[in-house]
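A, B, C and D are the chain letters, set down in written order, and residue numbers restart from 1 in every chain.
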Amino acid sequence: MTGQAPPTPTTPVPDIVRAAWVDLVVTDLDRARAFWIDLIGFHETAADADTLWLRGTADSVHHSLILRRGTTPACRAIGLRVRSDADLDAVRAFHEARGCRVDEIPAGHQRGVGRMMRVDDPFGFTVEYVHHMDHAERLLMRWDLHHGAEVARLDHINLSVPDVAAAHAHYTALGFGTSETIEGPDHLYAAWMYRKPSVHDIALTEGNGPRLHHVGYAVPESSNILRLADIVAARDEPWLERGPGRHGVSAAFYLYLRDPDGHRVEVYTTDYFTGDPDHPTLRWSIDDPRRRDFWGGAVVPSWYTEAMEILDLDGRVRPTADPAAPGEVVVGADGLG
Amino acid sequence: MTGQAPPTPTTPVPDIVRAAWVDLVVTDLDRARAFWIDLIGFHETAADADTLWLRGTADSVHHSLILRRGTTPACRAIGLRVRSDADLDAVRAFHEARGCRVDEIPAGHQRGVGRMMRVDDPFGFTVEYVHHMDHAERLLMRWDLHHGAEVARLDHINLSVPDVAAAHAHYTALGFGTSETIEGPDHLYAAWMYRKPSVHDIALTEGNGPRLHHVGYAVPESSNILRLADIVAARDEPWLERGPGRHGVSAAFYLYLRDPDGHRVEVYTTDYFTGDPDHPTLRWSIDDPRRRDFWGGAVVPSWYTEAMEILDLDGRVRPTADPAAPGEVVVGADGLG
Amino acid sequence: MTGQAPPTPTTPVPDIVRAAWVDLVVTDLDRARAFWIDLIGFHETAADADTLWLRGTADSVHHSLILRRGTTPACRAIGLRVRSDADLDAVRAFHEARGCRVDEIPAGHQRGVGRMMRVDDPFGFTVEYVHHMDHAERLLMRWDLHHGAEVARLDHINLSVPDVAAAHAHYTALGFGTSETIEGPDHLYAAWMYRKPSVHDIALTEGNGPRLHHVGYAVPESSNILRLADIVAARDEPWLERGPGRHGVSAAFYLYLRDPDGHRVEVYTTDYFTGDPDHPTLRWSIDDPRRRDFWGGAVVPSWYTEAMEILDLDGRVRPTADPAAPGEVVVGADGLG
Amino acid sequence: MTGQAPPTPTTPVPDIVRAAWVDLVVTDLDRARAFWIDLIGFHETAADADTLWLRGTADSVHHSLILRRGTTPACRAIGLRVRSDADLDAVRAFHEARGCRVDEIPAGHQRGVGRMMRVDDPFGFTVEYVHHMDHAERLLMRWDLHHGAEVARLDHINLSVPDVAAAHAHYTALGFGTSETIEGPDHLYAAWMYRKPSVHDIALTEGNGPRLHHVGYAVPESSNILRLADIVAARDEPWLERGPGRHGVSAAFYLYLRDPDGHRVEVYTTDYFTGDPDHPTLRWSIDDPRRRDFWGGAVVPSWYTEAMEILDLDGRVRPTADPAAPGEVVVGADGLG
């Protein structure tokens, strides 16, 4: 592995429960509503003139997606939930020991959540850690209110970074397990890392970064995904990017869409359990043509080359950098080079 | 077989294409709309103050269901479509030769259709034969407009009659094939009869009659039926009567519901092709516990004992009669007696 | 339309019921068995040292696929079933009036079928017409015996021809209806034609021909197709060519595979009813990117450019010709040119 | 709640990861193999003359089901996996402090597992705690080897006990959360309790006990369950007991079968995530007709009244006792009394 792990201070490790939300800047709330609510199937918990707080049918908390009106599409933050309020102090200590800026956001400043630590992580991502989240009615069995793809909950967040090995070392230090990887000789191209016992909460994909590659939401069954593709195509919208298909990595059934601002969402189903204490890591070769699409379908180039910019703690767009060497899009089994 | 077939005059046999609609009296159009449109998934082609003309997603004609406001729920008519306008004259001759009253309804009198023959059939059913039907936009690929169970088209009409063998002889004379039966020694309990090459356009079930047992509409896949059951249950409505389940007869996947007025609808999928010239009839024994529900689930008694009354050509409720001998509900493998 | 219809003699038109089989030359019966029986899900009705007669779960006749051992993969014949034995004489008269060679094959010469007319059709295809087919146990409800994709029955045969308009005129003269087309200004690129009331029994695709583009078999639901793709990929076989996906034309859900000899099979589900007397033709523009894959997925070039050779009545490979003008693969909305 | 919780010693609480297996006595290994392997879809990891060790497609460990030949069908043990070897000592301390007999089984005595604590729990169940399990090839993506219902992994174990509140207090002390309950005024009829973040690892149902009510195994999608029901019915076996249906409690899609010895298995899909630190308990009223079957289908009486006997640490059948008051089968909304 080429990545240089950051030095490892001996701070306590916060107990992270799961990936909890993404906070996205969109340019038109009405169009975003048509995409995320009508099509993807989110339910609105709260709204103000500039913001929507949305949840899926399996969420019993306030939101798993925040959409904010702005002039330039970007990812404002990703949210991770920790087990106890004391874990927030561990978050602060963990990151400050690594030289990261941490802003504490007191309870009451953000809708639906208690106090938060906003972290400027070593790779340029803005990560919000929270313990308390307000409850909201869980609509899992209100099938009469379901619509679109009937999205249930956030499953994972996929980050594009120039140095996957370094980011992998960081998240390993934060207590994440590794379910699967894509590897070449001495090189880690991608990693799937989990806190909840699923394939992933955070995935790392080599590429220009820091960028948000996509956010993955879970739906109950493959029929939800086929229906979604049919609905989007019937509207003749250019939002279908890749799939439906079967992943090699994760074995899940998937569809990638781009929202009207270009934010990529994966609708995802049939994950597997990774919670055993000695759960083995599944390592895919960069040369395996089934790793990205198990059926061997070609991955569209945009999926490899495009991802959304990140806002820093002060709301400015982060500069990005390219990987040092040619990436999976070039050298992979289905590569373009 | 105990039934006495009517004498067989040597009139030409009209070329019937398929079962085309049912025309139902409902007591509250708003509640009917909530059931048939929102839940079952029909689309409205036309409406006036007292009537709704509805079609499914695969229909390219004006309607496959008519709902009319009235004081007493009943079946006003069933509709069969013939291949050519001349077949309407054959319909008249065929039935008049059998002593049936036939009213000709000129084009322009009924919405969406050309001239019709309204027949008082030998068993007390009001059957409307039509050739011309107005076209309507087919919404098959407008998945963005689909809703509820995404009902596609009328599949079949199931009639409750005291003497199945007699009715079977009549429909055989009208050119119907027989795909399946339920039989006992010297007794025909039920028959499935087709013009289009499917399991049935008309089914005959022994029971108090003339009554409409149910109308069956086709949906694309079993997932549509599971979703429908979930939605109805989520609304906590008493409309689920039987299923979801797998039929023995027809091998189809099914769910029976009762609308707010008690009209029974079957939502139905995965039929088979019967169009070969020598297609064999599949005969089930009354003693086979898998004939009604292949998984062996008990049939609820109401399904055997309740069905809707029929209006005659003048709009009056038909008197009904019971079968001469104990029926399937008593003597069948899952019977109550 | 550029095609020149053949002159139209006034012979009686045979009543064709449906497409009934394809008869394929394969080079290795064991490998063919692994593909067609184990994966696609056929059941063996009969076999000898050089031939397999296979049927699907919904077939109540002897076969819908014949595989014969030979040195060069090719299509030996396609089979169409007619309503009565007399229709076979109409087949002979119809084709002889058009200058086509017709060989009568007496009953007893081919396994599972009665007498046949083997026709050298005007476009170079060998078409076997039959009325009588032996019955075989229908395995529709023997779910304990189903396997692979659980193929139910032959749905359609897709022919590659240099002049679609001419072939379309011929099949129209034979009584076929047209459910859908792909058209450009003054040019017919493809046509879907039916006798049974489905989207098609015979499809015509512009390309080098005469060639067999593919044979389509029906399965009950999309889950059968997703499972099949997973199984083939798990075996790491190179047999998946295109899909799974949703068609524009036909609205069906599909997967194309190539067998070990390159024969293309489409596994296909959720067709629609076309049996109404005035069923409208749905016309797609060559410029519509959704016509071939409704979700907008790219069609792999091999699907457009490769198809299997045809054997003539004497078992020799037919010479083929290219279309006169650039085809859909070049000028279509997702074309390569 | 009427139950009397046992006194609560202040021992450390072992970190239980999940329910791991059931160990069942069957009278005929060949028939058991036909049921559990061919139909339910298990894969054989190991076998000797008297025992089968089976795993599902998502298991990367040696077994999730043990079948042992014996003269009387019974449940020999249930297995729970703990996070570390040290947790086994905590298991011993926890139970000895409550007066329970604990036998330590050294590594090497049982196939596929390291050392175990066999506990005679306060309610008469034999519970095997283990940390180390041998690995076995995970067959999740070997779709070519999947068969039957394609069972993936053990989901939960449902115990029948006369005093649910007491057992609930015990499992709460062991660190289990409660996802759902069925309750009456001052009475707990049933509870669903979890360690892995799903609806349950252990469910408690009021009834004659100690008995094993059923073991639940997870499959990917509802189509697996429908196929299983079709296959069992096609074989005309009496193994379908209840369903397929939609649960109220858990919102899952289910089918209950009885194996040839009467052991009840639930095939189960589409659970939900319960891992949030403040995940709320969903409480159903005993008067809610949708709690057991969300679609309102009647629960067959055998499902309420029959369950399998338990062997104690010495292999003798445990005496059982009835609940003190009339149970859910009598007083529930769909009760028989």
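Simple rule for what comes next: a residue touches a chain if its C-beta (ideal position, glycine included) is under 8 Å from a C-beta of that chain, and two chains touch if they have at least 3 such contacts.
Keep in mind the model is a prediction, meaning the values are calculated, not measured.
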{"item": "Subunit C against subunit B, contact positions shared by both copies (same if over half, else different)", "value": "same"}
{"item": "Of all other chains, the one whose Cα centre sits farthest from subunit A", "value": "B"}
{"item": "Subunit A and subunit B, separation of their C-alpha mean positions in angstrom", "value": "50"}
{"item": "Rounded Å distance, subunit B centre to subunit C centre (Cα mean)", "value": "34"}
{"item": "Where subunit B and subunit D are represented by their mean Cα positions, the distance between them in whole Å", "value": "45"}
{"item": "Residues of subunit B engaged with two or more neighbouring chains", "value": "141, 221-223, 230, 233, 294"}
{"item": "Chain-level touch network, classified as line, ring, star, complete or other", "value": "complete"}
{"item": "Residue numbers on subunit D that touch subunit B, as the complex places them", "value": "222-223, 226, 229-230, 232-233, 236, 240, 244, 246, 253, 290, 294-296, 298"}
{"item": "Subunit B contact footprint on subunit A (complex, rising order)", "value": "141-146, 221, 223, 227, 230-231, 233-235"}
{"item": "Subunit A - residues contacting subunit D, complex", "value": "17-18, 58, 60-61, 81, 83-84, 131, 133, 135, 138, 140-141, 152-153, 196-197, 220-222, 248, 251, 270, 272-273, 275-280, 294"}
